[in-house]
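Both complexes below contain chain A, partnered by chain B and then by chain C.
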Partner chain A sequence: MANTYTLISSNTLSTSAASVTFSSIPATFTDLVLRISARNDRAVTNGTLRLTINANSSSIYSFTFLQGNGSAASSNRSPAITHLTDIPLLGSSATNNTFSSIEIYIPSYTASQKKPVSVFGVNETNATAIEMKVNAGLIDSTAAVSSIELTNVSTFQFISESSFFLYGIKNS
Partner chain B sequence: MPATYEPIATTTLSTAASTITFSSIPGTYTDLRLVLVITGMSAGNRTGIQFNGDTASNYSTTRLQGDGTTASSTDNNTNPNIRITDVNQLSTSLQFITLDLFSYAGSTFKTALAELSNDRNSAGSVYRSVGLYRSTSAINSLNIMLLSAGTMSTGTTATLYGIKAA
Partner chain C sequence: MTDTPTKVIVNCLTGEQTIVPLTAEEIAQREADAVAFAEIKAAEEAAAQAKAAAKASAEAKLAALGLTADEIAAL
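Entry: the complex of A and B
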């Protein structure tokens, strides 16, 4: 029986880091799934994580999101930007010892077509005005995804104990 | 370590088609997961799912959705399918859908959780929906279908996975 859901690589930070990169992603899977537990040192409660692929920071990313904060739901979008963003990431103003939980799914990552991306990110801190967000992303690139870069706004850093897991899923 | 997440079948359309069917689904898993990437379909169409060839109004769906401007929630009760996409606005847009179908071989009604990601660079839609199939029969076939005349484009891929609890 094929091993369908396989850990490709993981990184649990022992010290803070400005970025986390998964490089040399093998082309032998059908889909990619990133599972993240993270927080950064920016002095906000609800911040954002950024994602690029293949070190490509041209304006090939766009997204539409739906979010709730415990009292209201809303939706917004961003076309033609240099990274996928609006992915929930708790900052240093959030309740101590809380981390964002995020899943990012990239289907058909080696197909020579644009890449749809599904993101589900949640912040729960036993406080009001917190974020839960689902994000439909699109990457206007037909290149296979061989690397994924996860970064912060400006010079902020992921704090230690943030963890990042990249899985590959095979359909055969 | 037992394998708990297994591909059952996959289909990639080599010619445009209005339906994709998975039949003879074994009853040996706990849950099913469908991963569907529609590379394009006729504008104005929607996509739905039926089980076991049942075309009666045994399905319902409740959705939470955003279009980049407004968040809203809608439902469709006593329907002949579980709706998994919104009205398609652009024939060439990619739609990424996952559907988790829980306890599909059990003798209670069947609950499904569907997710749609469809960004079109300056427009788009994102869905989370829950569907109910009011049947106590085990599910042994699944039909992905357009709800009005038209086709899904070549290159559309659908994979059905089985997930075991043990």
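Entry: the complex of A and C
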């Protein structure tokens, strides 16, 4: 795998930002992988990150997630909404200097077919309960993914030192 | 004076990374999103409180019928 797992672009925030967008994603890979270490300024421990593709905020995103926090487990389904969400994102109530660890996988991102997305994310804090979540998403769009935007709910912002890495994987 | 929120754009083709202030339209949209988000959270909290109250009421009624705490918990 190593010689086909290529860093396309990355960004580590030097100041807070409302969103991070990877634009002009090359169509030369088979799959995309986003690795994220992030946190925002919302006054909660377990918040959520949002993802849209191709600047498309139509109701084309659906997902089912499972989550647990060490004492309780739950699941939920959201059909046809304007973004992929319920992706774990630490807020400002978590222990200082901790960040969420998130992987988002988009296979066959250039294929003319609907786009499945898998998400695995964990939060971190010095407490007995903290959230981890897996999320199976589907984007009802056959367009190749050429941009990915990561945003916060409401007016919250990613904090400085949040980092975002976009990798491409080839099948040969 | 509050700093204007920004967005970061990473151009994967050129490697260029830009920090762009949000437009007035984008800021207005975020503020509208914030209002909608607050309404959703308030509704979720109200629903959770109503559910907890209904559960407590049901448990009290079952206890009044003679069920033990273990029997209620087993339901």
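By definition in this document, the second predicted complex is superposed on the first by the 169 of 172 C-alpha atoms of A that agree within 3 Å, B and C clash if a C-alpha of one lies under 4 Å from a C-alpha of the other, contacts with A are read in each partner's own complex, and residues count from 1 in each chain.
Criterion: a contact is a pair of C-beta atoms (placed from the backbone, for glycine too) under 8 Å apart; a residue touches a chain by one contact, two chains touch by 3 or more.
In this text the structure is predicted, and so the values were computed from the model without any measurement.
Once chain A of one complex is fitted onto chain A of the other, the partner contacts of A:Ala127 are absent, as it touches neither chain B nor chain C.
For chain A, the partner with contacts to more residues, out of chain B and chain C, is B.
Once chain A of one complex is fitted onto chain A of the other, the partner contacts of A:Thr64 are limited to chain B, with no touch recorded for chain C. When the two structures are aligned on the shared chain, A:Ala43 is found in touch with neither chain B nor chain C.
In the superposed model, A:Asn11 lies in contact with chain C only, and not with chain B.
Looking at the shared chain after the overlay, A:Ser24 reaches chain C, while chain B stays out of its contact range. In the superposition on chain A, contact is made by A:Leu166 with chain C only, not with chain B.
Listing the residues of chain A that touch chain C in their complex gives 8-11, 13, 15-26, 153-155, 157, 164, 166.
Across the interface of their complex, chain A is touched by residues 3-7, 10, 35, 37, 39, 64-71, 94-96, 98, 115-126, 128, 155, 157, 159, 161 of chain B. Here chain A touches chain B in the complex through residues 1-5, 30-31, 62-68, 73-77, 79-80, 105, 107-108, 111, 113-114, 116-118, 120, 134-138, 140, 169-172, going by the rule given at the top.
Within the complex formed with chain A, the chain C residues making contact are 5-15, 17, 19, 22, 30-31, 33-34, 37-38.
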